[in-house]
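Labels run A, B and C following the written order; every chain starts at residue 1.
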Amino acid sequence: MNQTSRIANAEVVLQARQLCKRFGAHEVVRSVDLEVHRSEVVCLIGPSGSGKSTLLRCMAFLEEYSAGEIHIEGELLGYVQNGADRRVRASEAQINHVRRNVGMVFQQFNLWPHMSALGNVTEALLRVRRLKPDEARRRGLAMLDKVGLAAKADAYPGQMSGGQQQRVAIARALAMEPHIMLFDEPTSALDPELVGEVLQVMKDLAREGMTMVVVTHEMGFAAQVADTVMFLDQGAVVARGTPREIFQGNPSPRLQQFLQNYLDRNAFWQQERELKEGAA
Amino acid sequence: MTFDWATIEQALPLMLQGGLITLGISLAALGLGLVIGTGVCAARFARRGALRALGSVYVTVFRGIPLLVQLLFIYYFLPFVGINVPPLVAAIAAVSLCAAAYIAEILRGGFLGIPNGQLEAARILGFSDWDALVRIKLPQALRLTLPALVNELILLVKASSLVSVVGIAELTRTSQNLAASTFRQLEFYLMAALIYFAINALLAFAGALLEQQMKRRMA
Amino acid sequence: MSFEPGIITERLVEIGQGLAITVGAWAGGVVIGMAIGLLIAVLQIFCGAWVRGLLRFYIELIRGTPFLVQLFLLYYGGPAFGLELEPLSAGVIGLGIYGSVYFAEIFRAGFMSVPRGHLEAAACLGMTRLQTIARIQLPQMLVIIVPALVNLVIILSKETAVLSIVTVPELTFVLTGIGSETFAFVETLLVLCVSYLALTELTSRLGLRFERRVGRFMLHRAS
């Protein structure tokens, strides 16, 4: 059985149906349907302003979606059904309950600057999971070790590089043992030379079978790691398929234009590198 | 508890007059405070160390002592050294001297807020020190400090209530007198509070308008 | 012009008691003000537009009126609606109410200074809004709001002098009392000025040291 059909047969972890998000009159996400199966890696790509980040933020209910549904392991996220076709916003406790198995990693890391790396990782273990301090500490250290930062446990965010901060942020999310991880442009705020270390951690996670939804501009990562790539434009899914279908298939004009921009940029880097090597 | 509306209505003109006196004292204190404050601010930027120290002592002393105590000090001290001035003059002097310390700091912040590059540009263009001050620094400092100065005026309207203790019939004293003679304490102090609130709301509104106009002109 | 320090030294005990009441009223006012202020700021986060509007009105009302008039309202106007207070309790409560709105504004600004993403991260980890306030927002905003808090505490120390007008036997009341008894106005007022100056200067020095300590704790600040 090949990879694709194995995943298609796995249970659905996250499902979005006819998902819409409006900011006033502006429709940012338009009727998106999406299924994420266990151990599947879905990459969302698209130009900036295409709604991919908003879509991801809806999946963690950081944005209230305007219409449609999101189910996480079968449970409706963010709302409580109230009669046949009426719903009300769920309470904080209900939202947190449905979201308990969702981990999120942000573009800006969002580490808490007044806590050490270990403090960041153990905070929710102590307050939300209510683990004993030594138990939380043990798991926190294990998570930091997993992202290669056990030595930085006592360092504060301001003393770490962006790449290290993002890896701590990943460890912080992983410590809660999520069933699905959401990544919102995790490498976009990083200096180019720090992107690799974060992508490596994410690749390892994917290899271990973590279910992941990744909003990214790293086409290489999408091509290499994703099971499914979705191309969004103006809030709608324009194309979806395996990396091969998206990057090497017969794309729509809009996707072709989008990918061309990347090719142009890569060509530029290629040229730079050759010039530098020539000079050396 | 019933409100005695008739008494209130009767006393309203007196209260409003008190409000006007409050406003007058505050404006006078702002004006005098600006003059003294400019001097103190200049001292704090002076080249001579002694002058700078004097400026900073002034600010520390007048900001470090309650206005009420300063007021009592001036009110009792002047006659003691043989200067007899009417209470109103003593009151305005005390409020102005105190306001000057705060205004000096506001102005200092304004001058420090002007980007250095602009002054360098003026120097390269051959502006004299005086021209740079009058043409570049002052207009900008005024714009930068306008919101703070309007705020200072509002603070002064509130602070001027303290001059009631030396018997000046501004808004607070008027309400005190009326409250004592009619035994309607709650009504008159509420009325005083509302008039203060109205004065300050009007000042804040006028300040916002002024600020907007200035912004438009300098945008 | 005569100057007799004896008038002061004779009545040091009385003056000391006045100072104690000044400091006590000040501390009480600060504690009450901070508590109400924090409550207002937190309610402004949790509550809907109606409550927020009401709180806004309270803040603007207190900010727009002199402390002295508020004190008169509480002390002399209170009995009209059944609130009879001792001068000292009226003074402390009045000081707390007066301070509360300024504390509220400082806390509100502090809450807003914490980046939204830090709160989103907490929400995604399942932390409740209250946990987030206590563990993420309050410690982070501390370094930003401490200078403003110290400044406000100093302002309140000076406002305690106003309590003398409603006959609270604090420092100003005691010393002006001695002054009018003995006509030694200059001596008593000088002592008064020096005492307040010492009080405010001391507070501001201690405040600076505290700021530095909080700052050092937060030195490892991100970006």
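Just so we're on the same page, a contact is a pair of C-beta atoms (placed from the backbone, for glycine too) under 8 Å apart; a residue touches a chain by one contact, two chains touch by 3 or more.
These numbers were taken from a predicted model, which means no experiment stands behind them.
Chains joined by the most contact pairs: B-C. In this assembly, A is the chain whose CA centroid lies farthest from the centroid of chain C.
Between chain B and chain C the centroid-to-centroid distance comes to 22 Å (mean Cα coordinates, whole Å).
The distance from the centre of chain A to the centre of chain C, each centre being the mean of the chain's C-alpha atoms, comes to 47 Å.
One finds 56 Å separating the Cα centroids of chain A and chain B.
Here chain A touches chain C in the complex through residues 60, 62, 92-93, 96, 99-100, 102-104, 106, 108-114, 123-124, 127-128, 155-159, 165, 169, 172-173, 176, going by the rule given at the top. Note for the complex: chain C touches chain B at residues 1, 60-61, 63-70, 72-73, 76-81, 158-162, 164-165, 172, 176, 179, 185-186, 189, 192-193, 196-197, 200-201. If you check the complex, the residues on chain B that touch chain C are 1, 60-61, 63-70, 72-73, 76-77, 80-81, 154, 157-162, 164-165, 172, 175-176, 179, 185-186, 189-190, 192-193, 196-197, 200-201. Those residues of chain C lying in contact with chain A across their complex are 115, 117-118, 120-129, 131, 135-136, 139-140, 217-223.
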